[in-house]
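What follows is a single structure, and I will ask about it in a moment.
By letter and in written order, the chains are A, B, C and D; residue numbering begins at 1 in each of them.
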Amino acid sequence: MNVLLDLFSVIAICFGTFFFLAGTAGLLRFPDALSRLHALTKADNLGVGLIVLGLLPHAGSLLAALKLVAIWALIQLAGATSAQLIARAIRRSG
Amino acid sequence: MSILQILDIGLAGLVLAVAAWTVFARDAFAAVVGFVAYGLLLSLVWVRLFAVDVALTEAAIGSGVTGVLLIGAAGRLRKLEASGGDDELPGASLRLFAAALCIFVTLVLAGVVLSLPDPGPTLAPEAARHLAETGLGNPITAVLLSYRSFDTMLEKVVLVLAVVGVWSLAADQYWGGAAGNPRGAEPDGTRALLAQVLPPLGILIGIHMVWVGADEPGGAFQGGAILAAMWMITMMAGLTEMPSIRSRLLRLVLVAGPAVFVAVGVAGVAFASGVFAYPTGFAKPLILFIEAFMTLSIAVTLPVLVAGPPKRLRQQ
Amino acid sequence: MNAAPIASASTAGGSLLWLAIILPVVGILASLLSGGRHAERIALLLMPTGFGIAIAIAIFLWRSGQPLVYVIGGFNPPLGIALRADGFSAVMLVTTALIVAAAGFYARAIFATPPGITEARAPLTFWILLQAIWASLNLVFLGGDLFNLYVAIELLTFAAVPLVCLDSRAETISAALRYLLFALCGSVFYLLGVALLYGAYGTLDIVLLSDRVSSEPVVWVAAGLMTAGLLAKTALFPLHLWLPPAHANAPAACSAVLSALVVKGSFFLIVRLWFGVLPNVPHEAVSFILAALGSAAILFGSVLALQQERLKLLIAYSTVAQIGYLFLMFPLVQGPNLWVAEAWSGGIMQTLSHAFAKAAMFLAAGLIAESLGHDRIRDLRGIGAVMPMTLFAFGLGGLSLMGLPPSGGFLAKWLLLKASIEAGRPIWGAVMLSGGLLAAGYLYRVLAPALSSDILHLKAPPRRSREAVALALALTAIALGFAPKAFFDFLQIGRVAVAGGSS
Amino acid sequence: MTAATLAGFIGSALVGLGLYGLITDPQPIRKILGFNLIGSGVFLLFGIVARKGAAAGFAADPVPQAMVITGIVVAFSASALAIALVLRLYEVAGPVSLRSEHTSNKAEK
C-alpha cells in the first residue's frame, strides 16, 4: 500500500514538474506576450495541481491536506486573475 | 555533493542574477518587477536558513507590500516622465571607481563573515530558559514581544512617523482628503471577483497566522501584512476606498498598536517588576492582547503608506 | 571601573530613563490621535515636563556619581535591553529639552493652526515630528544596546527628514530626498556592523561588549562600517554634501533643531562606539583619521561659508565646519593620560556650546528672513539698527563659534588646545586657531554690513518674544563659558579610560 | 559548503551590488532599489549569524531573527517615505535626477 502511494506521488510530482518545465520553455520560446502567458498559466495550473495531488498522501493530517488544497485553490485564483489582468493590459497597450 | 547543496547553489546563483538584473536593467519598471521576484527567491533562502518567521515576513512585507509600493510608483513615474530625460549614467571613471569600491566591500565582508566563529555565540539558550515565563512556544515572538519588546514598540512608532512623514507631503488643499482612487473609480470584473473571493479566506489566514504565531512561525507582522493585502485588493477593485486622513477612526486604528503596547508596558510598573515586564502568569494573554492591536495597526498602516499622501478632496 | 554590576541592575532614579523616552512617545501618539490644535498644546505641555525629567536625571547622576541604569522588562542584557545615563548623556538630555522647547516656542508663530481651520498640514506634522526628534534623541543618549540604538537613529531619520520640506518647494523636497538617502545608507551600514558584532560576540549590550571585544579583523570591519554610516549622518567632510541644502532651506525652527541637535545624535553614537564599546581596543590610528577629517571639515566648511551669499547657507556651512571640531577630541582622549579629562570636557563643551549658539543663530536668521523677505547677506545693511536684539543674539552665537571669551565655545576650544599642547600634538591646536580666524572672517562678512548706518525698512517687525528666545539660547552659549569645575567633574561620570600607551 | 556559508556569500555580494546601484544610478527610484538590496544583504548576514547560533533545540538563534523582522518593517517604511518624496518631487518639479541638480550656493533671486 505504502509503496503504491509513494509510486503515485513520484509519478504525479514528475508530471507536475514536467508541466512547469514545458511552461518555462514556452515562456522563453514563444514569440509574443499573449502566447507566453498562455503557456505559463496552463502549465502552472496543471503543474501545481499535480504536485499538490502527489503530496496529499504524505500530508500526515487532514488539516495539512486541507492546507495543501487551499494552496492549490489560491494559486488557481491568483494565476487566473493575474493572467486576465496582464492579458487586458497587453490588449490595451496594443 | 548532495542534491540539496546543488539546489542551494542554484538558488544562490538565481538570487544574485535577479539582484544584478534589478541593478543593471535599463528600464526602471523592469528593475522593480525584478525586485519583487528577487524578494520571493530571498524568502526561499530564509527557509534554507531555518528562519521561517523571517521568510514569511520577507515574502509578505519585503517583497509583497514593498513590491506593490514600488510597482505603483514606477508605473506613475513612467507616466510622468514622457521622454525620461535622466537616464544618462555617470562617467566611466566614476562607475569604475564605484565598482572597485563595491567589490572591495563584498570581499572584505565575505572574508569577515566566513571568519565568524561556527558554532557562534548565541542567545538561544537564554531565550529558551525564559520561554516558560512568557507562556509562548515561538522564541521569536518571545524576543519581539517580551525580551526586547521595547524595540518592537519603538518600531511601531517608526511606522506611525512614516505615516506622518508621507502625509506631510500632501498638497495643502488636500489635507483632510483621502489618498488613492475613490470607490468604484475603475469598475473591473476580474479584480472585483478576486476582491470578493479572496478576502474571506485571506482574513482567516491572517488571523490564523497571528494566533499560531505564539507557538509556531507567524505573528503580528506577517498576519497584519496579509490583512493589509486583503484591504489593498478590495481597494484596487474599487470596492472600498481610503478614508479621509482626518477620519478619527483611521487615526485611532493607526495609533492603537503602539498605544496599547505603551499602555501595557507602563502598567508593568504597577503590576509587574517594571516597565515592559508582564505580571507572572499573565504574560501570554497580555502578549496576545498587544498583538491583536498591533495586527490591526499594521493591517491599516501598510496600505496607508502604500497609498501615499492624500490626493483628492473627500467626497461628502 | 568594574562593568559587571552596571550591566545587571537598575539603579535609583533609573525609572526616569524610560520616562524620558516614553513621555514624548505618548505625546506623538496623542498628537496624531487628537489632531489639529491639540498637537501644539500637547507638545508645549510635555516640554517643561520633559525638561524636569532631564534635570532630575542629572541630579540623580550628580548625587550618585555613577551611571544610572534601567533594565527594561526585567530581562538583563544580553537577552534584554538596558538604558544607561552617564555625564555626557545627561547634559545632552538637558540641552535637547531646552533647544526643542525653544524651537517649539519660537515656532508657535509660524506653525499655529490658522483660525477657522480645524487642522492644517504643516502645523500638525511639525508638532508631531518635533516631539519625535526629542523622543529619538533621548533614546540615542540613553540606549545601552546597539540594536536599540539602530531603532533610535531610524526614528531620528523619520522625524528629521520631513521637517526639511514642510514648505513643499521643489528644492527643499530634493534636499530632503538626498538627506533621506544619505541617512538610510548610513543606518544600513551601521546595522551591518551590528550584525557582525553580534555574530562575533553574541551580545549587543555596550558594557558587555566592551568587556568581550578584542583587536581582531571582524571588530575593525564592524567598527569601520558603523563609523562610516554614522559619519554620513553626522555630515563629516567629505560626507557633508546633503547638509547645507537641507539645513539652509528648512523652516528656521527646523534648521535650528537639525543643526544643533540631530547631527549631534549620530556624533554621540560615534563617541559611544569608540569610547563605550571599544575602549579596550587601542585605536589611535582611527582617532587620527577622524581628527584629520575633522580638520579638513573645519577648513573646507569655513572657506565655503566665506563664499556664501545667503545667510542661512552661511550658517549651514558653518555647521559643516563646527562638526569638524567635535572630532578633534578623538586623538586627545587616548590612553591613561593627564590631559584626557580636559579633552573629553572640551569635546562635550564644544557639542553643547555649538548646539546653543547654532540654534540661536538659525532662529535669528529666520527672524531676519521673515522680516526682510530674504536673507541675502549683501542686502542686510543696517539690519542692526532695526532688529538690534536679533542681531545681538546672532552676534553672541558667533562669538561662541569663533571661540572668543567669554563663551562656551572659548572654553571648549581652550580645553582642547591645552590638551593638544600637553599631548605634544600642537597640530590640532593650530587647526582650531585657524578655524577660529576663518569663523571670524565669515561672521565679519555678516556683522560688518549689518552694523552699518544704512536705513533699512522691514516688511514686518519681529515679535519681541521670538527675539527673546533666540537671545536666551545665545546667552546660554555664553553662560557655558562660566561653567564651574564641578560641571567638568560631572561630565567625567561614566567615562571609561581608553586603553593604549601614553604618547 | 553549508547553506549558511553560501548565504554569507550572497549577503556580501548583495551589499556590494546594492551599493553599486545606489552610487551610480541617477534615478531616485533605482537608488531606493539599491538601498533595499543592501538592506536585504545585511538581513541575510543576520540570518547567517542566527544559523551559526543554533542551540538549545532551536535551528537558529531567535534574537537576530527578531531583529531582521524589525529591520524589514523599518526598511519598508523607509521605502514608503522615499517613494512619497520622489513622487512629490516629480509633481512639483518634473523629472529630476539627483545628480544633475546642484547644491545651490547662489543667492535666491
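The definition used in the following text is that a contact is a pair of C-beta atoms (placed from the backbone, for glycine too) under 8 Å apart; a residue touches a chain by one contact, two chains touch by 3 or more.
Keep in mind it's a predicted model, so treat the numbers as computed, not measured.
S.K.: Is the number of contacting C-beta pairs greater for B-D or for A-B?
M.R.: Of B-D and A-B, it is B-D that has more C-beta pairs in contact.
S.K.: State, to the nearest whole Å, the distance from the C-alpha centre of chain B to the C-alpha centre of chain D.
M.R.: It comes to 13 Å between the two C-alpha centres.
S.K.: Based only on mean CA positions, could you tell me how far chain A sits from chain C in angstrom?
M.R.: 57
S.K.: Using mean CA coordinates as chain centres, what's the chain A-chain D distance in Å?
M.R.: 33
S.K.: Please report how many Å separate the Cα centroid of chain A from that of chain B, as a whole number.
M.R.: That pair's centroid distance is 27 Å.
S.K.: Counting only residues that touch at least two other chains, what does the list for chain D look like?
M.R.: 15, 32, 45, 48-49, 52-53, 63, 67, 70, 74, 77-78, 81, 85-86, 88, 96
S.K.: Two or more other chains touching the same residue: where does that happen in chain B?
M.R.: Expected reply: 109, 113, 116-117, 120-123, 127, 147-148, 151, 155, 158, 161-162, 165, 169.
S.K.: Go through the chains and record each pair that touches.
M.R.: A-B, B-C, B-D, C-D
S.K.: Could you pull out which chain B residues touch chain D in their complex?
M.R.: 5, 8-9, 12, 15-16, 19-20, 22-23, 28, 31-32, 35, 38-39, 42, 45-46, 48-51, 53-54, 57-58, 61-62, 65-66, 69-70, 73-74, 76-77, 80-81, 84-90, 94-95, 98-99, 101-103, 105-107, 109-110, 113-114, 116-125, 127-129, 139-140, 142-144, 147-148, 151-152, 155, 158-159, 161-162, 165-166, 169, 219, 221, 302, 305-306, 308-309
S.K.: Going by the contact rule at the top, pick out the chain D residues touching chain B in the complex.
M.R.: It comes out as residues 1, 3-21, 23-27, 29-30, 32-34, 36-37, 40, 43-45, 47-63, 65-70, 72-81, 83-88, 90-91, 94-97, 99-100.
S.K.: Where on chain B does chain C make contact in their complex?
M.R.: Per the stated touch rule, the residues are 108-109, 111-113, 115-117, 120-123, 126-127, 130, 146-151, 154-155, 157-158, 160-162, 164-165, 167-172, 175-176, 246, 251-252, 254-255, 258-259, 262, 265-266, 268-269, 272-277.
S.K.: Once bound in the complex, which stretches of chain C touch chain D?
M.R.: It comes out as residues 79, 147, 151, 154, 157-158, 161-162, 165, 168-171, 173-174, 176-178, 180-181, 184-185, 188, 191-192, 195-196, 198-199, 202, 241, 244-245, 304, 307-310, 313, 374, 376.
S.K.: Under the touch definition given earlier, write down the residues of chain C that touch chain B in their complex.
M.R.: Counting only chain C, the residues touching chain B are 10, 15, 18, 22, 25-26, 28-29, 32-33, 35, 70-75, 78-81, 118-122, 125, 128-129, 132, 135, 139, 147-148, 151-152, 154-155, 158-159, 161-162, 165-166, 168, 173, 192, 196, 199-203, 217-218, 221-222.
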